[in-house]
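What follows is a single structure, written as structure tokens, with notes after it.
Letters A, B, C, D and E mark the chains in the order given here, with residues in each chain numbered from 1 onward.
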Amino acid sequence: ADLTVFAAASLGDAMGELATVWEGETGQAVTLVLAGSSTLARQIDAGAPADVFVSANETWMDWLAERDRLQAESRVDIASNRLVLVAHDPGAASQTEVTAQTDILAALGPTGRLAIALPEAVPAGIYAKAALTDLGLWNALSTRLAPTDNVRAALALVALGEAPLGAVYATDALAEPRVVVAGVFSAQSHPPIRYPAAVVTDAADPAAAGDFVTWLSGNTAQEVLGRYGFLRAGPAQ
Amino acid sequence: MSLTVDIRRDLGGFDLHTTFDAPEGVTVLFGRSGSGKTSVVKSIAGLLTPQQGRIALDGRVLFDTAARIDVPVHKRRLGYVFQDSRLFPHLTVRDNLCYAARVSGRGSRDPKEVAALLGISHLLDRRTHALSGGEAQRVAIGRALLSEPDMLLMDEPLASLDGPRKAEILPYLETLRRETGLSILYVTHNMAEVARLATHIVLIDEGRVVRSGAPDEVLTDPDMVRMLGIRDAGAVLSATVAAHHPDGLSALSISAGQLLLPAVEAPVGAKLRVRILAQDVILARTRPEDLSALNILPVRVLAVRRGEGPGVVVQLQAGQDRLLARITRRSADRLDIVDGAECYAVMKSVAVSQTDIAVGLQTGL
Amino acid sequence: MTTWLGPEEWQAVALSLKVSFWATLLSLPFGLLCAHALARWRFLGRDVLNWLVHLPLVLPPVVTGYLLLLGFGRQGPIGSVLDDLFGITLAFQWTGAALAAAIMAFPLMVRAIRLAIEAVDPKLEEAAATLGASRIKVFVTVTLPLIVPGIIAGAVLAFAKAMGEFGATITFVSNIPGETRTVPSAIYAFLQVPGGETGAMRLVMVSVAIAIGALILSEFLSRRVAQRISGS
Amino acid sequence: MSLTVDIRRDLGGFDLHTTFDAPEGVTVLFGRSGSGKTSVVKSIAGLLTPQQGRIALDGRVLFDTAARIDVPVHKRRLGYVFQDSRLFPHLTVRDNLCYAARVSGRGSRDPKEVAALLGISHLLDRRTHALSGGEAQRVAIGRALLSEPDMLLMDEPLASLDGPRKAEILPYLETLRRETGLSILYVTHNMAEVARLATHIVLIDEGRVVRSGAPDEVLTDPDMVRMLGIRDAGAVLSATVAAHHPDGLSALSISAGQLLLPAVEAPVGAKLRVRILAQDVILARTRPEDLSALNILPVRVLAVRRGEGPGVVVQLQAGQDRLLARITRRSADRLDIVDGAECYAVMKSVAVSQTDIAVGLQTGL
Amino acid sequence: MTTWLGPEEWQAVALSLKVSFWATLLSLPFGLLCAHALARWRFLGRDVLNWLVHLPLVLPPVVTGYLLLLGFGRQGPIGSVLDDLFGITLAFQWTGAALAAAIMAFPLMVRAIRLAIEAVDPKLEEAAATLGASRIKVFVTVTLPLIVPGIIAGAVLAFAKAMGEFGATITFVSNIPGETRTVPSAIYAFLQVPGGETGAMRLVMVSVAIAIGALILSEFLSRRVAQRISGS
């Protein structure tokens, strides 16, 4: 049977290619449904015809698990990501780690803002807030933020030069030629950024869905994800 | 169809309190501008709701506050010709005319025939916005006629029409009334326009009926002269067609003798009504000879009303009928016109023009 | 063109057209009824109706979508009844997208029609009644023809809004290719991935072109109607 | 102000091609329903653009296709009283009256005085929707008057007014014209209404001017009788007030002798114009005695027009003036009324009613 | 109440009111002008103007926000000129939120006013001209008073839309508490986290209450005006 995969929109391109490869291998067509993780989770809860859910964060996966909407044993983290500081100014390019000493305020200039996904709501923002808090930078920066509804909008602000700096995923930074990475947040400064996948309880063909989820953590899939900048997932939690 | 109206409504300062009967025939509702004529007609049609009262058309009660009856407008079967024409702007003239047939199925009369009569046949395919004022009003009249109403309510329908057109439409209304028994309530401030049609007259002033009755009573009542305006006062006589002469004149017998009029389109023996305005009557003590006026009747003075001005109104007995004459006080004195005086009423035959002749009904005569 | 826009995108365009068309068409009778009620009737609950109609305008689209999901989803009170009794499923179907678009566009449609109705001279309606037309016939034969420009305006506003509707749609029926992935959802998907802007802009141009087409058509139609009514 | 009009415009089938001058004074534009009167007036006001032509008010060119001049409506300074009243529904009667003063600063005349004259003083604070048809039209007239126009264009303004009200407003227009030199172009299909005001008459038919000239020429032209309608044909005589008698009559000298009329409000010596309708004139071969009619003038027959009907129109020389009489063919034969015959014209003094007297100007007389 | 809604939420409510109020007020003159032009003028580019006005309706709000960012951002051609010449910055300011809301609401406002203008009898305008009123004075003294109900309808639609606007606003001016975090943005934030629904619903209720208030006010006002014009 064909599969319907609900995937976080930020995974769109990579999931698209993965779907094609899977189709080539198995002859099973994959229908990709892309939206924000929160939207997808609510819809699955409301009975959406999903077989597999790939979330951009663990919160909504947990939420669905609590409601018995997932086959708990099928859950697996298929990728992870890094948080980076991006800049509009090419001169700021640097792969060094962001530390407590990094003077983000100075880099923002007198009026510039740090583009960031909503720090209390959207995963990328939550990670960024955690990292900045860990580094002791949050208090100074909290009034200088430009929070957006999703991480792509934050990236766009930097790309257009509306915000000199932004905190986004490494995968985003990689794909946007108008920004440069100005620093990398240490993996210890924020909770791990994991992309969990699981089979939905009401999946039409749980076996095929399970195979797909397993396949996502396999080498072929990981190689594709790697090309889009995703890192291998750490040990499943 | 006879209409009974007894309504009361306060219109922000203006107190409408009108009671009258409109018997079968043509009832003329006459009053000055702002006297409440339109408000009465709207109440009858159901477009204005009286605070109190009763309206009935023959046995059919249209409105009754006591019985809590208020027949909806579209079920009253009254054809309303509005003071403003209110044509439907999205329809052609033809579709305006056929509107009633379309929405109610009523209307067996031929629209083409009505259009021809009203002189709007060439306009049938036109939109209404390009019509002249008079053309629009003629379409509105046609539209109401074609709804085959039990009664026609006409609110100053001919004010925007020229004389010849009026002269054509009025007799048609009369024919209609005669042939179909269609009763008409006709609002006007121009009595001359319809007096010859009227079988009943209601005078209204400040929302109240001040006089109502048959035309020959109301119009020959010297007390009503001020109300009607001197130009409109006059008598309505019953007549029978006696002969048609080859020189284009018709002889009519009236109770006082004979009248010669321009040819009347009615067979010998037909009963007619003839209107003679007070100001068209000249009085003479001796029978005048050698005058171009053909109609000279012996009369007796019934009453002489002297007013403020230089004129007096003289009520005359002419056979069984009554005539009114308006002459100067000076002439009255000179000729010694006093109650009971015998004299002659001189009328030009042409003063009773074609349009002043109505083929009469028994009613109201 | 097929190389410029992929088959998936064309599918989204076709779907958006279908959704918007049906959303507009099916909401028209209700829009007319609501507009007429709000403009001319006096009844209890008139104000409540007015609020309800305007609600989708005030609420963030996501909230409307969420409420639709709660009400019309498979588990929702209305959705489950529809499903059980009539076998109608709206959730995650294009029909649901049409419902979402219709509800979001409804206030625009109703306002436009209502304004048109309020501009009709009641004297003409009175005249029609004296000629024997019942309330309904007055509406059909006089009011309706006279408000055609307003109806067209309302319909085109609704259609345009439906073409652009995103928040409520994606929240209610998700973003399923071929089923509920309308042009705005497709644009969203493009914008979520790095480098998707050009793809998004192509879709934007297509929907702008469609909207302009609808606009031109509506202007043309309502100008013709206006001419018929008030002269060239 | 004198107006020159020469315009051409095709109105979808109706071809308007009208050329006339309206000299200082009151020009009456007369024609049947649909003859193009409103279209002409709209063109003059700038509301309808002729395809070709020229319109000038004295030296001021308002429109000229050759010179590519088209003065915008609001700069033409023409007061337009529309066939429909077109009051502003969002303003009170007072604000409607003061509208022109508000938008253009024009208007030194006192709105209260104009309102009093038009009998609308008690309506000043009212909204317009509750006005009766006649009330609305009076407000519209007042509004146009208060814009202090160079010329007043009136399109059947009095059709919805009752007789007494008409009789009040007309002389006011006349006074206005006399005192301020305001010229008026007056559209009507009711010649009787304004003939006494007219200093110039333009007859229009199917968009074309068929006759134009001074009232005493046009109205006494027997060829125009059909066009005007028999009821409106008649003569306009110049007269001078000779004396006021205590019994409420005034004596007026005319070239043929003396006329007695109900008291005229003009000083002895004032020049007046008096209108005598053809149908109000009776002819006699010998001077009649003992008649209530006070006015008997010796006249000579100039021409006798026989038509289809039973009537004939007789043109008469009365001193320097001309009179028209309409009598039956039978009477004409009996009395031997032929060209050159000497006879007497009998007119009831009251046939020339108060409202038929206009205080005259040199112009047009 | 302060315990029911936190100070941040009250701030969002106050900000939404401010943004919607100014968005409505400042776009009114332009809306009037556009509506009048579309209803009564004949000029080259009339159709283009019509498309432009409707564009925000057709485009997904995010796209409109993105285009605003391109044009009115600090680096954008218009934004930088405004900044250099007048010192006006829109990006990340509540003024920018008002601009976004105004642009999103503009098509609704223009349509409502345009329909009202088209319903004004040109004969009254003609009569005004014959009384000496220039085009502008005709508009101010006749057309304008007669279209007040349409203006009120347009304004309330615009206000309601501005209250609910989310996508374009957050994309253009982001979501800065106290500056650009309007009620819809706050609701969105609530909805992104599990269990945020109750907080979101509280805000929804507040904005619904405000919108109902605006609606009641507008109905009241336009009923009064209509009464003045056409009688009780």
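In this text, a residue touches a chain if its C-beta (ideal position, glycine included) is under 8 Å from a C-beta of that chain, and two chains touch if they have at least 3 such contacts.
Per UniProt, the chains are B, D = Molybdenum import ATP-binding protein ModC; C, E = Molybdenum transport system permease.
Predicted model, so just to flag it, every value in this text is computed and none were measured.
Enquirer: Mind listing the chains that sit against chain A and also against chain E?
Expert: In this structure, the chains that contact chain E and also chain A are C.
Enquirer: Given the touch definition stated above, what is the smallest step count connecting chain A to chain B?
Expert: 2
Enquirer: What is the distance, in whole Å, between the centres of chain B and chain D, each centre taken as the mean of its C-alpha atoms?
Expert: A distance of 26 Å separates the two centres.
Enquirer: Measure off the straight-line distance from the CA centroid of chain D to the CA centroid of chain E, and report it in whole Å.
Expert: One centre to the other, that is 57 Å.
Enquirer: Could you tell me the distance, in whole angstrom, between the mean C-alpha positions of chain C and chain D?
Expert: Computed from C-alpha means, the inter-chain centre distance equals 60 Å.
Enquirer: By residue number and range, which residues of chain B touch two or more other chains?
Expert: 84, 130
Enquirer: At least two other chains touched by the same residue of chain A: list those residues.
Expert: As it turns out, chain A has no residue touching two or more other chains.
Enquirer: Could you tell me which residues belong to chain C and also touch two or more other chains?
Expert: Residues 66, 188, 191, 230.
Enquirer: What are all the touching pairs of chains?
Expert: So the chains that touch one another pair up as A-C, A-E, B-C, B-D, C-E, D-E.
Enquirer: For chain E, which residues are in contact with chain D within the complex?
Expert: Residue list for chain E touching chain D: 123-124, 126-135, 137-138, 141-142, 145-146, 228-231.
Enquirer: Under the stated contact criterion, what part of chain D meets chain E in this complex?
Expert: Chain D residues touching chain E: 45-47, 72-74, 76-80, 82, 84, 86, 88-91, 99-100, 102-104, 106, 127, 129-130, 143-144, 147.
Enquirer: Within the complex, which stretch of chain E touches chain A?
Expert: 62, 66, 69-70, 73-75, 91-92, 170-171, 174-176, 181, 185, 188-194, 196
Enquirer: Sort out for me which residues of chain B touch chain D in the complex.
Expert: Checking each residue of chain B against chain D gives 11-12, 31-34, 37-38, 83-84, 130, 132-135, 138, 155-156, 159-165, 189-190, 229-232, 245, 247-249, 260, 262-263, 279-280, 282-286, 288-294, 309-311, 325-332, 335, 337, 346, 348-351, 353.
Enquirer: Considering only the defined contacts, which chain A positions touch chain C in the complex?
Expert: It comes out as residues 4, 6, 9-10, 12-13, 31-35, 39-40, 42-43, 46-49, 150, 152, 155, 171-172, 174-176.
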